[in-house]
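Just below sit the structures, each encoded as structure tokens.
Paired with chain B in one complex and with chain C in the other, chain A is shared by the two complexes that follow.
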Partner chain A sequence: MTTATTSRVRTRPPASAEPAPRRRRKLRRETLYQWGFLLPAAVYLALFFGYPVVKNLVMSFQDYGTATFYTGEAPWVGFENYAKVLRSSIFSTALTNTALFTAGSIAGQFVIGLALAVFFRKRFPLSGVLRSLLLLPWLLPLIASGAVWKWILDKDSGALNQFLVALHVVPTGVPWLTSTSLALVAVVGVNIWVGIPFNVTILYGGLQDIPDELYEAAALDGATGWRAFRHVTWPMLRPVVSVVLVLGVVYTLKVLDIILALTGGGPANSSQTIATESYALSFAEFRFGEGSALGNILVLISLVFAVVYLRASRRGVED
Partner chain B sequence: MNLTKTGIHNSALGILFLAIMLFPVYWMVNASLQPNGTTIEATWFPLKPDFSGYGTALAQQGRNLGTSLVVAIGSVVFSLAIAAPAAYALSHFKVRGTNIVLFGILISQMIPGIVVANALYTAYNDLGLLNSIGGLILADSSHGIPFAILIIRAFMSSMPTSIIEAARVDGAGHPRVFWSIVLPVSRNALITAGLFTFLFAWSDFLFALTLTTTDAVRPVTLGLYQYIGSYVTDWSAVMATAVLASLPAVVLLLVAQKFVAAGTATGAVK
Partner chain C sequence: MKRNSLTVRAGLALAAIALPAVLTGCGNSTSASSNGDVKTLSVLDYYTNEPDKTVIGDALNQCAQKAGVTIDRQTITGASLIQKVLQQASSKTLPDVLMLDNPDLQQIASTGALAPLSDFKIPTDGFADGVLQAGTYNGKVYGLAPTVNTIALFYNKDLLAKAGVQPPTTWDELKAAAAKLTSGGQYGIAFDANATYEGSWQFLPFMWSNGGDEKNIATPQTAEALQLWTDLVKSGSASSGVLNWKQADVKDQFVAGKAAMMVNGPWQIPPLDKVQGLNYGIVQLPVKTAGQTEVAPLGGETWTVPQTGNKAKQAKAAEIVSCMNTDQTQLSLAKQRNTVPSKTTLAAQFSAENPKLAVFTNLIKSARARTGELGADWPKAATKIYTAIQTALTGKASPSDALQQAQNGQ
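On to the complex of A and B.
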């Protein structure tokens, strides 16, 4: 940003020799040009992010359903969509599931991700290659991962059950995806697997920025191993941890692909989250008004979380 | 590099971690090479690889793979055309609106895809963009454009202003400077952004699911979803499709390692 000011100062001398009106016209043309570079992106963001947010807000106050697509009419209904959605028995289930899904996924991804990042910081033969191959689960299309996990977790022929039965951990196949008490656990497990590479990458980057001298000084004071982690690594890593957690929560709240691929929200809504329920309302039942209302509630949760967390962590840093 | 006993010990441990993490990928490949239909009795190693799963997959999903390819390439071209000029403006101009655009990019990351899909479905329905390649390219670019702007901007910010000024003093206009100096210098950032944009559009599932209603235009992710949505009788074809759908990611990781590293380092912390 500061470079831009110097460029303006340097280009000014030849221009100042010209008469004032022409200079002003030139400046205005300059501004127009600069805007021209930014404009396509601004328009795109407005159309594909701004418009949907506004449109969702509007739709959430309308009776926007199958009939609307034929007649073009969507009568105003005030807060009725919100009332319906909030009163529905699925809402509390979906809200609880969203909280459990997010908390479970983040906890698992973060703890395993941090452990692996600390491990890879040791720099041993092949560490670089292994670390880059670890990115693969993150780069695969979620639906492809979902498909293979669906088979691994299959009750009768899945690899996981074959393995567990062979080791005599369980007597018969566990119905990972078809039991109401296990579906959410299974979905969280797969989502942890998906999220580990992201956590390792960012946390590893953060660890690399901690100067070695700090560890040397700590070692002189007798702090090595776990104590070095507690008194050097963790405090130094705090800002990066905040970023990972906030992004992790914001991304996890809106997860849809993995759940749709594995369980479709079932059985009996046991793995239904607010995101999947919003999808179901709009695209399975064509009740777009209610789907939008639920979508907006999800945006609100996401916003509230980000604001509260950033406030809290700023206060934490100031202390 | 320490080739001591602990070093080797750590390597072994690292390989074990990786083996666990990559097991699903191995399993996908293994299953895809099992004979048709009998995969319920899958063996742990594809000792007698059978490619009939791929035959079925290509016969049933070949067209969808083509659709995905066209959509992904279209999205790369469109995203870079939008993102590169914006990244240049954000890194080297001081115009009003810069902060608004940057703020917009950050906020865009918080908007759930389902909210975007809800609104786009109704808009696309009115505009006749449902079931169209163009509609999917536009929608899928929403995964790539914010990322591309950030990653190209990060690179361009480190580009010395002096080379731009030199050209300006020589009388080159903004478009010319951008085209013949800024873009060639930013080649690596453009490649990184392009690769990831490709991957995002190729992997897109939500827009494929919501913005297509017939099988006229059907990306492979949706084809795969419909495979596993019904009762699966032929896992080898499903897994072969999953392998084919995963190929771009694997190729990218193996061939363009340098760019992936650049992308994950700058892009991950958006």
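On to the complex of A and C.
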């Protein structure tokens, strides 16, 4: 946007070529055009982005319950919703779970995603077909794949446990979704599966941009295999990596559907994250004020990473 | 750069001016003329599954015919009903006739969105106490349920006979029977200890029958009930899957022969009857010691008349609600939907004609409404109850500690 405007300004004929009033009129018309082009985007942003954000912010300072919908009355309560949410015994659990869920998911998605991307860089028969098949988890509706995973991970009749028991890896079914120590692990596992396509796609794109000559030159210097990855691929891929990681964090922080479909945050809140707890407060208990307060805390956490992303991507452009 | 952000800011300001205009433009479609000539009534309910969808639809249409109107009916899933109602309340587009699950009624009535049925002189006599309790807010009746239900113990006759076990009537018998019926891939019992209101609902008969109370769940009586559930899971007589099962999953376990007994409601009878070779019986849920009476939780949906502001339509809507609750409709709905008429005066006749539902019919007479004591605050108590259940069943705390923590929480 910025570059387009400046280049247009620069190519304009010298100012002295036209009389002043006409020039001014033309300038004004141009400003009007600029506004005209901006308006649809601005209206869209205000309606579908600005309004919900502002409404959510206002809501978090109000006693917003079921009655509010009919009467329209939502008394101002200041920071009470925030205090309630932060003091609640679930908050620390949810915060820890959110951190573990995000860190675990990102680590798994990234490592597997990068490995697959590097693997697919080599052309071999059917590589294109296989690569597009990898996108499948992305294309399935999460509620559907969540239901299937819930069945796969079931303690008594789940496919995974039947497989493990048949191979004598475990004596009896593992309670993947109903043990307090395993539920979060299982949910992270499924989320990794969901996130791999995103990581592969972006990282594969990044790998395509690395010129082959670099590898040839490196090979002449004796750097192949792991060393080529360490000294060529990794440094060249760094800008893409930072984008993938930061976007991944922001996407993962707010994951709701997978957890709801698999465990509903249970057992005993062991897979409850800030996102699921915020959902439960708003849409199961109808305490919208507290729900939006917790939601805003999550937005704030995401915002930190969004700023990191913006700075990283700006640095990328400047490079 | 600077100039750009200025433009963006100005654009946003412009949009902000346009926004209210757009929003008010959407909000004005409701003020229907309130003349006496009512032709159609809108109805909202959550009977999306067959046969309920058709059965209720037919009953509504018959009532509409009597009232000289037609029905414009919308059915949505149970999970999204309240969200939808709240949305409609804020945009003033509430339906003329609204179905609400009985534990939600008081919460919605407390918002002022419902009209008291006494305004329309709808008779409320003959109903079971629990039904009226559930439909009443601040001394006024806002909703009536034509038929109601509760939960009981379903048992697989063949599996029990093979193990030489009688259907249990006390907690000790239940534990012994469940242990005896557990072998290989088969568990003795299945129930729903999910971290939702459904889990709390399934626990209530055990808690209430033993003298527990939702006002304060940190009592020895409730702890004993939770100890029973904990023992069943710890001993392996029930799968730890109960923590994640809904009532429909529990039914699936029972149908598949993976649970010899289950806690469930009469709405599961149609799918159970469809299963070839499944021979099952229904008894009351066991109580702690012989001679205690079971206190069953009341389930079922009420019909209400929302405050739509259109008096003529509301009067017609009241006729529908009244008609849905006549003796005749109650009996026919109960029979078709495997539920129990909510008027105790019909119980004897209904029991005689539908012996399979006799257990439920008996329980309903003394059944207790979830909102009977706490009213609109019931959801908070229900959250505490399922939190304690999950904490105890996962072994994170003893039943009494789990209940104490949940009671103190928030």
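The rule we apply is simple: the second predicted complex is superposed on the first by the 265 of 319 C-alpha atoms of A that agree within 3 Å, B and C clash if a C-alpha of one lies under 4 Å from a C-alpha of the other, contacts with A are read in each partner's own complex, and residues count from 1 in each chain.
Here, a contact is a pair of C-beta atoms (placed from the backbone, for glycine too) under 8 Å apart; a residue touches a chain by one contact, two chains touch by 3 or more.
For clarity, every value in this text was computed on a predicted model and none was experimentally measured.
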Please determine, from the superposition on chain A, whether chain B and chain C clash or fit.
clash
Broader residue contact with chain A after superposition on the shared chain, chain B or chain C:
B
Which partner chains sit in contact with A:Ser292 here, chain B, chain C, both or neither? Use first/second/both/neither.
first
Partner chain(s) touched by A:Asp209 [first = chain B, second = chain C, both, neither]
neither
If we overlay the two complexes on their shared chain A, which of chain B and chain C does A:Asp221 touch? Say first, second, both or neither.
neither
Given the touch rule stated above, what does A:Leu140 touch, chain B (first), chain C (second), both, or neither?
first
Output check: A:Ala67 vs chain B and chain C. Expected answer is one of first, second, both, neither. What do you get?
second
Contact-wise, after the overlay, does A:Tyr51 reach chain B, chain C, both or neither (first, second, both, neither)?
both
First, second, both or neither for A:Ser157, with chain B first and chain C second
both
Stretch of chain C penetrating chain B in the combined three-chain arrangement, among 74-82, 164-172, 182-190 or 200-208:
74-82
In the superposed arrangement, what residues of chain A touch both chain B and chain C?
1, 5, 34-35, 38, 41-42, 45-46, 50-51, 69, 150, 156-157, 264, 283
Contact footprint of chain B on chain A as seen in their complex:
1, 3-8, 10-11, 31, 33-38, 40-42, 44-46, 48-53, 55-56, 59, 64, 69, 116, 119-120, 122-127, 130, 132-137, 139-152, 156-157, 159, 193, 196, 198, 201-202, 205, 240, 243, 247, 250, 253-254, 256-257, 260-261, 264, 275, 278-279, 282-283, 288, 291-292, 295-296, 298-299, 302-303, 306
So, in the complex, the side of chain A touching chain C is made of residues 1-2, 5, 34-35, 38-39, 41-43, 45-47, 50-51, 66-72, 84, 88-90, 150, 154-157, 175, 177-180, 263-270, 283-286
Mind pulling up the chain C residues that touch chain A in the complex?
1, 3-4, 7-8, 10-12, 14-16, 18-19, 22, 82-83, 86-87, 89-90, 107-108, 110-113, 185, 187, 194-197, 239-244, 253, 256, 258, 379-380, 383, 387, 390-391, 393-396, 405, 409-410
Which residues of chain B touch chain A once you look at their complex with the stated criterion?
1-3, 6-8, 10-11, 13-15, 17-18, 21-22, 24-25, 27-28, 31, 39-42, 81-83, 85-86, 88-90, 92-95, 97-98, 100-101, 104-105, 107-123, 125, 138-139, 141-142, 145-146, 149, 157, 161, 164-165, 168-169, 173-175, 178, 199, 202-203, 205-206, 209-210, 221, 224-225, 227-229, 232, 235, 238-239, 241-243, 245-246, 249-250, 252-253, 257, 260-261, 264-265, 268-270
